[in-house]
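The data blocks that follow each hold one structure.
There are two complexes below, and they share chain A, which is joined by chain B in the first and by chain C in the second.
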Partner chain A sequence: MTMLAQTERGARSIRRLPDLTTLGILGLLLLAVNALLAVFGSAIAPHSAAELIGGGAFGPPSDAAPWGTDYLGRDLLSRVLHGAKYSIGIAAAATLLGFLAGISIGFAAAEIRGRFDVVMIWICDIFLSFPSILLALLVIAGFGTSLPVLILTIAFIQLPRVIRLSRAVAMGISTLEFVEVARARGESLPSILGREILPNSLRPLAVEFGLRMSFAVLFISSLSFLGLGIQPPEADWGGMVRENLSGIYYGALAAIIPALLIGLLVLGINLTVDWLSGEVPKAESQDLR
Partner chain B sequence: MTFLDIRNLVVEGRTPAGEWLPTVHGVDLSVAAGEVVALIGESGAGKSTVALAAMGYARPGTRFRQGQVRLAGQEMLTLPPSSRRRIRGAQMAYVAQSAQASLNPAMTIGEQIHEPFAIHRIMPEGGVRQRVAQLLTRLDLPSAAAFTRRYPHQLSGGQQQRVMMAMALTCSPSLLILDEPTTALDATTQIEVLKALKAALADNRGAAIYVSHDLAVVAQVADRIVVLRNGRIVEQGITADIVDAPRELYTQQLVEAFRPRAPAKPAGSIDNGAAALLEVEDASSTYVRDRLFRKPDKTQNVLNDITFDLRPREALAIVGESGSGKSTLARVIAGLQPINGGRVRFRGNSLAGRSRDRSREALRAIQIVLQSPDLSLNPGQRIQQAIGRPLQFFFGMSNAEIPARVAELLAMVGLPADYAGRFPSELSGGQRQRVSIARAFAARPDIVICDEILSALDALVARQVLDLMRKLRAEHDVAYLFVSHDIATVATFADRVMVLYAGRICEIGPPAEVFQPPHHPYTALLLSSVPVLRLNWLKETVASNAPRPTQGRAWNGVGCPFHARCGLAVRGQCDAAPPPIRQVTKDHAIHCHRSIAELSAVGSSSCVA
Partner chain C sequence: MLKLILLRAVLGIASIWVISLLVFAITDILPGDTATAILGQEATEESRAALRDRLGLDRPAYIRYADWLANMVQGDFGVSFATDTPVAQTVSLRVANSLRLAIVAAILAVPISLALGLLSAAFPGSPFDKALTVGSLLVVSMPEFVVGLLLVLLLAVSFKLLPAVTTSLDTSSLAGTLRGLALPALTLLAAVQAHMIRMTRAAVLDVMRKPFIEMAQLKGASRGRIVLRHALPNAVGPIVNVVALNLGYLVSGVVVVEVVFSYPGLGLLMVQSVATRDMPVIQITAMIFCTTYVLLTLLADTLALLSNPRLRDAA
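What follows is the complex of A and B.
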């Protein structure tokens, strides 16, 4: 059966997006809200990230601080709004960067093959054999924790996986006949990669992009949790969970809300990915009525 | 005991206008456990639709209207999709016509054969390995680890098809659906696959449905034959009855169409005086990459000492069994595969090995059309883009000029102009093949290389496409290099035929001469492998053609590559020295140690005994 499904998927669905599902809509909505937060969060925040608004640490929700205050008595809502751009923005930028580089290298390796390919895979495998957190620690130890370093580090950690995946995807496509015809016509390497291979690999790459992006969100959180991410007074959501952890004992929302938001962001990404990678269930449900 | 019982099945298909019209009108069919039932009929008869319905599956764009499909007492059509899928996974397997489209190009053969085990977790790891090895041997495939590490594109078509069967048989399915499993194969490979399949079916002891348009093939494997036409059953009965005593008129016509006939005389009007368009001289090629410190190894070549020329407006056919190097030769000329010896010249100028290094003019003059209608067009591009690209690439046409020319080209291949806005998925296989042909002709080529362009099409559609190729040749002064395994087609279409075996030329000449003695013993084998509508044809041919080929047969690189299989081989000569070229007539040459008199003395059937 897998074979049957494969042929049909191969033949028809490369171009079209799958039909929207309820969960798919939910995922897209979550992503849209998060994207808005990342872009406009700082602008609509009532207070700055560092401002002490009085009312003490782990204060309960009030007019001035609708979600209460954090461990230093700052407005939690404002800090969450400011932090959105880090959690989402860094993850998105790093993943995008990793994908641009990874797809270029992976595709080129698949098309050129030979020694270039062998060496590339070899390097990827070496990096893949290290735990990513260890690699990140090494880079950050060397270059500090500025925003660009953070983005580049995470992009770099994503790279080997993206290279391997895009290489595999491109390899599958590059032996297909329409690519052979283009090659026989004498098309250049960029033309073959851009016209023939890339448009036909968008689905699997989009799915992987989602997964990598979730990874990046969680990874930034864990870096911040170790104190290596965004530096105070600014904080991403992961960092806020860490700094407010003790508030859990007082029943404060300060640690719970950022954790919840991270969960929702990752959920949104995953629902969207599931929708994108989903089988086309309509054909099945249609066959009997 | 009835294992599968289909009652009053009605399936509807959606027309382009969005209407639902019945394509299968009330079919009743039952299959006993262990029985092999063939569904036969021409294109559009509903064979595949009925076969898929047996799995409770309706292709996208089709739906079940009414009827019952009971599998081992279980009603398939009313089951929830998830349980239906589970039953399919555990009890059924499906082998499609196009192995290339069904195998995952990014996974090795071994990984793919293992996949069903991994999914259904039905056996310990050691048992799996043993079972896989056993299946590969059963299907006459090498079971060595080196073979299972190959990727699908590194196998020949026949090997791919058998790998598909191995995958289908791994879980010992109680119902196996085979949809035209040998249609895309050449005659000698088909025999091997059929033989392997027959043994594997007997081994598996499950029921099987065999879909085919080829009555001669079906008569060799099926216990019972069901003749379908326009979505209805015309006649069904045990194989011997259908073949020897068909009752219905339609079945009688069908049987008649498969009776052996003398090959028709080809047109044969080659311009002998003209300078050759393409000259290939001692060309050889290999897929084994050069490594440092390793001497090139001639026995690894898949093409050896290929010498021939192609004259203007000539149709030169290349025949030979799967793996004989036909596609490789086509790829060499198209610049997709470098040569490691010899020369290829176009209009007297040497051609670079890689297309990228060739001149625009040489690229334009040589175009290629490939086998699979599903894969030869970029699924993400509209037809306009597909045909427009060569116009832009070779003639620098602007976006404003392209649509008019695309419309002309579409008209030339018999498609309406508004197809330019469609995607390949919105076209039938034959229409897509026409688009590929239009794309090749867009470059105003001098030579069109056709690699098995008919083999994935239904017989009727294939005939129409072939007529189109004839018409285009007359109108456009183009020469064809026509790779095909269909000897009957070749006999009527080509001016000359080249028979390849193990990457070497056996014989070359006009079809009327090549297909009559005197001819090369391998040509004789090829001819005897074309299925004949007769019960037991397979058994007899397999027996008389022994020893049968085995893939990757050892050949020492000297002597005649065919000697291990040749009934006329002369010890000490055929295995020791390369065969001399014997000129039968000016245009007809045979590469063989035997003299022309000796080759004439033996008829086409006895020389393979």
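What follows is the complex of A and C.
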């Protein structure tokens, strides 16, 4: 009886969120601002992404271009606002996709076990022995670069890690009493996975989602910086760093601003992850012992 | 023990083989007609047929794969679509340049990261420890190209100490070589330091909780002696493992860093070939990168096995 009570309380503390910390609030704020930029950035941008507004290349800040102009004389602020949807949107879409597929496969592998599990882990290990950036370069060499190719490639790169983690999490939970009970009741596999295991693994999965998301942001930025991501005249923040690189030698900020925005986005994600993976409130964790 | 290492080696060779299948499938079968890729859309059907015949493109894919693999093993990497020169020539120069960069980066990164990790493990919770944790995490929150950019801004544009780009490496003098390598190597250092520092700190602190450390403290051994003589030797296993893994990371790190500094290495070559879809160059650069990466991971696994007897039973 005490065993059962303990595991139930343990399960509840997994579901509970840790108390908010200063850094956690900062991270959530940064995330919220970035999400707003991704959704409304294009709508509030004063100019279109390709519009030449005059004033020459790497122009200083003016009324028409509050953050100055880029290497072709376009409004930097507008391009940053237009680029937000790519930098954030691609990373979010790819991570979501990788998680939906990865959790389904990982959970199923943990519950079914046997040969399915062995083969899945084997395939994952092979792809994990392949440096991600090289896999992406190969895929782009074969298919060319486009929005669907970029999203699917990054989702695919996330997949083996998500499978391994969700499998490990599910294996821990699938031996707990309430899952045994569900199994004894004769619940179906989707029902066990979705109603027993998923709700109790949300926090570790959310932490991993954050880590994977920050990887995806860095990754799409790097691909665009290499010239293999979003193609001109559109640009995400990584692409903007690439096109404005020469401005650095004249002291122009056109490459620095998008670079810092990428850094702030990743910082926001990482701070939120740190908060999420932090300790649950003290009283409860002591209770557990 | 030996059996386990051999098993890892076989798995490593198997993954290199799978990688070669993947590379061939993506670069040779998938893009469609190679003759069109070389000659362009405007070429006549006759000239395309002639080229297909000359390159043996009408043979079945598995025979071309076997041929490709056999040629590659013998050092014949084919002819570049873009420059019409043998790939082997270009690649060998680029490999040498990338190796120089990776070695200098490793020589900088490993001792610096280990020293910083040990220092913060010796004074856990101190302001130095906290500042190091926050600082190294801030640096890895940024993509490599942003770190490179900030270093250029600081050391090349503001202080004019180092060249901002290294389009050709001057290998005639050691000073010239090092000047050209400094900024790319520092950027790579920034990319790999955090993981090594944190793992070193964690591994040493883990040992520091053991009873024999308390014993040493009670005997009155100095903090430096405890960390270096008692804790470090017992934490060598995980540290060596993480070092080898991060050397593997240098392999993919050079791709981005070489583009930042226009450094004439294998990574820049690969990125340029992907942009122009120069398949023979992509094939061999991808194979070199992946093989190196797999070998370094294998090395990391082997070292972990050698240093931690408990892993031997688990596997």
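Methods note: the second predicted complex is superposed on the first by the 267 of 289 C-alpha atoms of A that agree within 3 Å, B and C clash if a C-alpha of one lies under 4 Å from a C-alpha of the other, contacts with A are read in each partner's own complex, and residues count from 1 in each chain.
Basically, a contact is a pair of C-beta atoms (placed from the backbone, for glycine too) under 8 Å apart; a residue touches a chain by one contact, two chains touch by 3 or more.
Owing to the predicted nature of the structure, the values given are computational and were not obtained by experimental measurement.
After overlaying the two complexes on the shared chain, residue contacts for A:238 are found with chain C alone; chain B is out of touch. Within the superposed three-chain model, A:151 lies out of touch with both chain B and chain C [touch as defined at top].
Of the two partner chains placed by superposition, only chain B is touched by A:171; chain C is not. In the superposition on chain A, A:57 makes contact with neither chain B nor chain C. With both structures placed on the common chain, the touch criterion links A:187 to chain B but leaves chain C unconnected. In the superposed model, A:37 lies in contact with neither chain B nor chain C. Contacts of A:196 after superposition on the shared chain: chain B is touched, whereas chain C is not.
Across the two superposed structures, the residue set of chain A contacted by chain B and also by chain C is empty. The part of chain A that touches chain C in the complex is made up of residues 126, 129-134, 137-143, 214, 218, 221-222, 225-228, 238, 241, 245, 248-249, 251, 255-256, 259-260, 262-263, 266-267, 270. Those residues of chain C that touch chain A in the shared complex are 12, 14-15, 18-19, 22-23, 26-27, 30-31, 137-138, 141-146, 149-150, 152-153, 157, 164, 248, 251-252, 255-256, 259-260, 270-271, 273-275, 277, 279, 282, 286, 289-290, 293-294, 297. Residues 1-4, 6-8, 10-12, 14-15, 114, 168-169, 171-173, 175-178, 180-188, 195-196, 199-200, 280-289 of chain A are the ones touching chain B in the complex.
For chain B in complex with chain A, the residues that touch the partner chain are 52, 55-60, 62-64, 77-78, 81, 85, 88-89, 92-96, 98, 101-102, 104-106, 115-116, 119, 153, 164, 167-168, 289, 331, 334-336, 355-356, 358, 360, 363, 366-368, 370-372, 374-381, 389-390, 393, 423, 425, 436, 439, 443.
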